[in-house]
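The chains carry the letters A, B and C, assigned in the order they are written, with residues numbered from 1 in each.
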C-alpha cells in the first residue's frame, strides 16, 4: 500500500503536480494514463524515491518494500552478458546469486540461447525481455512499470501480462503506465494524470475470472522457484 | 551489509578490464612518463623529486579517467536508477566505486613504477616500505575524492575537464605528501621526516572519507 | 525605494569613503617601515583583501551546510555571490602578494604556505564557479554546488598544513613578513580591514540582488513558455 499525501512537484518554476492525494492498494493493478509530458514517468520516479517531492509526502505501508522498476531505459550493462547482468542485479539487491534461478528466468523469457552473449548485441525486444527478467528475479513488492510493453512482441506481451497477474496474486502493488487496450482489462483502478493532479476510479478487471485458474498455477509455479 | 558495494566493485572491475577504458588511462600515464623523459639532458639523470612528481601526476590523470569511466558505466543504459532503488544504502555505491577505482589506479601504478625507473633512471632506496604505505594512503585519498566528485559527471558527457579542475587542486596536499615520500624512495635526501607526511596523509584520508560518506547521497541521486 | 534596495549602495559608498580615508592614514599616519620603505604600505591593502577573501569562502561553506540541511534558493545565492567575491579578492590578494614578494624577497613567487594556500584556493573556487555552467537541472546544480562548497573549505586547512610541511624541506630563506608591527601600523591595518569589510558587504549584497533578479527573470520566462505550450496543447 502506497499513500500520497498532498504531493506537489515542480521542476524549477514548472509545476507538474499540485496537491496530489491518492493511495494505491497492494494486490492490485493500477493503470496510469495521461498525455505525453503530463508527468506519468515523474509520478513513478517520485514513488520510487528517485525524484524528491517538492512538498507533501509519500508513505509506504512497509518500510523495507522492494521496488522493481521497468522503464524506457533497460538498466542493463551492454558489455556484460545476459547472465552476468542478472547475477549482478541479484547481488546488488542483497540477494545471494542463485545460478539455477537465473537460468530458469532466462528460459522463462526465452533468452536461454543468448545467456552468455553480450547484451550490447541484443535487439530492443530482447533487451526489454531481459529487463523484465531482471525485475521478476528481484521479486519486488512494488512494481513500477513505465510502458513496459515498448518493443515487446505479441508473445512477450502475453508473458508480461501473465507476470503482472501473478504479481497481483502475490499481493504486490503494481503501478502500470500503459497505452495498451489490454491494460484497461487488467486494471483494478485507472488513474488519469490531468490538470496537474491524479484522478482515480475503480475498474472491473475483466480477466479476473479467466485468470483465476492461471493465478493459482502461478502461485504453484512460484513455490517451485 | 556492503553486499552492493562488493558486487558493484566486482562488476566495475570486470567491465573496466574488458573494455579499453583502463588501457587508455594506463597509456596516457606511460606517455606522460615518456614525454617527461624528454626534458632531461643527455647523460643526466632526473632528480628523485622530479621522478616522484611525474609518477604522481601520471597517477592523477589516471584517476580522473578511471572515475569518469566508472560513473559512465551507470549512465549508458540508465543503470543508476536501479542502483538507487536497491534496498542497500547509497553509501554502498560510493564504497563500491571507490574500491573499484582504488584497485584500477593501483594496477596502473604497477606499470608506471617500472616505467619511471627505466625512463628516468631511478633507483629504489631502502625506504621503500614507507613508500608502499604512502602509496596505500595516497590511493585511498585519490579513490575517495574521485568517487565523490566523479558522481558529479552523472548524466553528463564530456565533463572530464571540469572534474580534473576540481580534483587536482583539492588533492594538492595529498600529492605534496606523496611526492616528498616518493622522492625519498627514489633516493633523494629528505630533510623532513617522512613519518610526518604519513600522518598527514592518514588525516587527509580520514577527513575526506568522512565527508564523502556524509555527502555522497546528495551528489548521487535519481534526478538528472 | 526601500532600505533593502539602497543598503548595498550605502554600504559600498561607506566602504569607498572609508577606504579613501584608509589611504590617507596609510600614507600620512602610519610610519614608513625602516627596511622595506614605502613598499611595505601594500600590506595594508593585502591584509584586508586576504582576510575578507577567506571569510567569503567560510560563508560559502556555512551556506552550503545550511543548504544541505534545509534547501533554500537564497542560501545558494549567498554562497554563489560570496564565492565570486572571494575569487575576486583572492586574485587581488595574489597580485598584491606578488608585488610585495618581488620587492621584499626579490622573487615573484615562492613556496610560502600562505601564498600557496591562496593560489590553490583560487583554483578550487574558480572551478566552483564553473559548476554553474553544468548542464543540470537548477535544483541539482545547487546541490552539487553545496557539496563542492563544503569539500573545498575542508581542503583549505589541509593545503596550508601541507604547504608548511613542504616548505620545511626547502630552507626557509625569507623571514616572516608580519613580524613586529608598530602600534600605529596595527591601528591602520585594522582600519583598512574594517573599511574593506563595508565594501565587501556592499558587493556581496549587490551580487545577491542581481542573482535574485536573474532567477526571477528566468522564472517568468519559463512560466510564459509553459503557458504558451499549454495553450498550444488545448
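By our rule, contacts are C-beta pairs under 8 Å (C-beta built on N, C-alpha and C of every residue); 3 or more make two chains touch, one makes a residue touch a chain.
Since the model is a prediction, treat every value here as computed from it, not as a measurement.
Taking the mean of C-alpha positions as each chain's centre, the chain lying farthest from the centre of chain C is A. Geometrically, the chain at the heart of the complex, using CA-atom means, is B. Averaging Cα coordinates per chain places chain A and chain C 51 Å apart. The mean-CA centres of chain B and chain C are about 30 angstrom from one another, to the nearest whole unit. Spacing of chain A relative to chain B, judged by their CA centroids, is 39 angstrom. Each of residues 137, 139 in chain C touches at least two other chains.
Those residues of chain B in touch with two or more other chains are numbered 221, 223. Within the complex formed with chain B, the residues of chain C that make contact are 68, 120, 123-124, 126-128, 130-131, 134-137, 139-140, 143-144, 146-148, 150-152, 154-155, 158-159, 161-163, 165-166, 168-170.
Taken together, the chain A residues at the contact with chain C in this complex read 11-14, 35. Chain B contributes residues 145, 148-149, 152, 155-156, 159, 162, 165-166, 168-170, 172-174, 176-177, 180, 190-192, 196-197, 200, 203-204, 207-208, 211, 215, 218-219, 221, 223-224 to its touches with chain C in the complex. The part of chain B that touches chain A in the complex is made up of residues 3-4, 6-8, 11, 14-15, 18-19, 73, 76-79, 81-88, 221-223. Interface of chain A with chain B (complex): residues 45, 48-52, 64, 66-69, 71-80, 84, 88-89, 91-94, 134.
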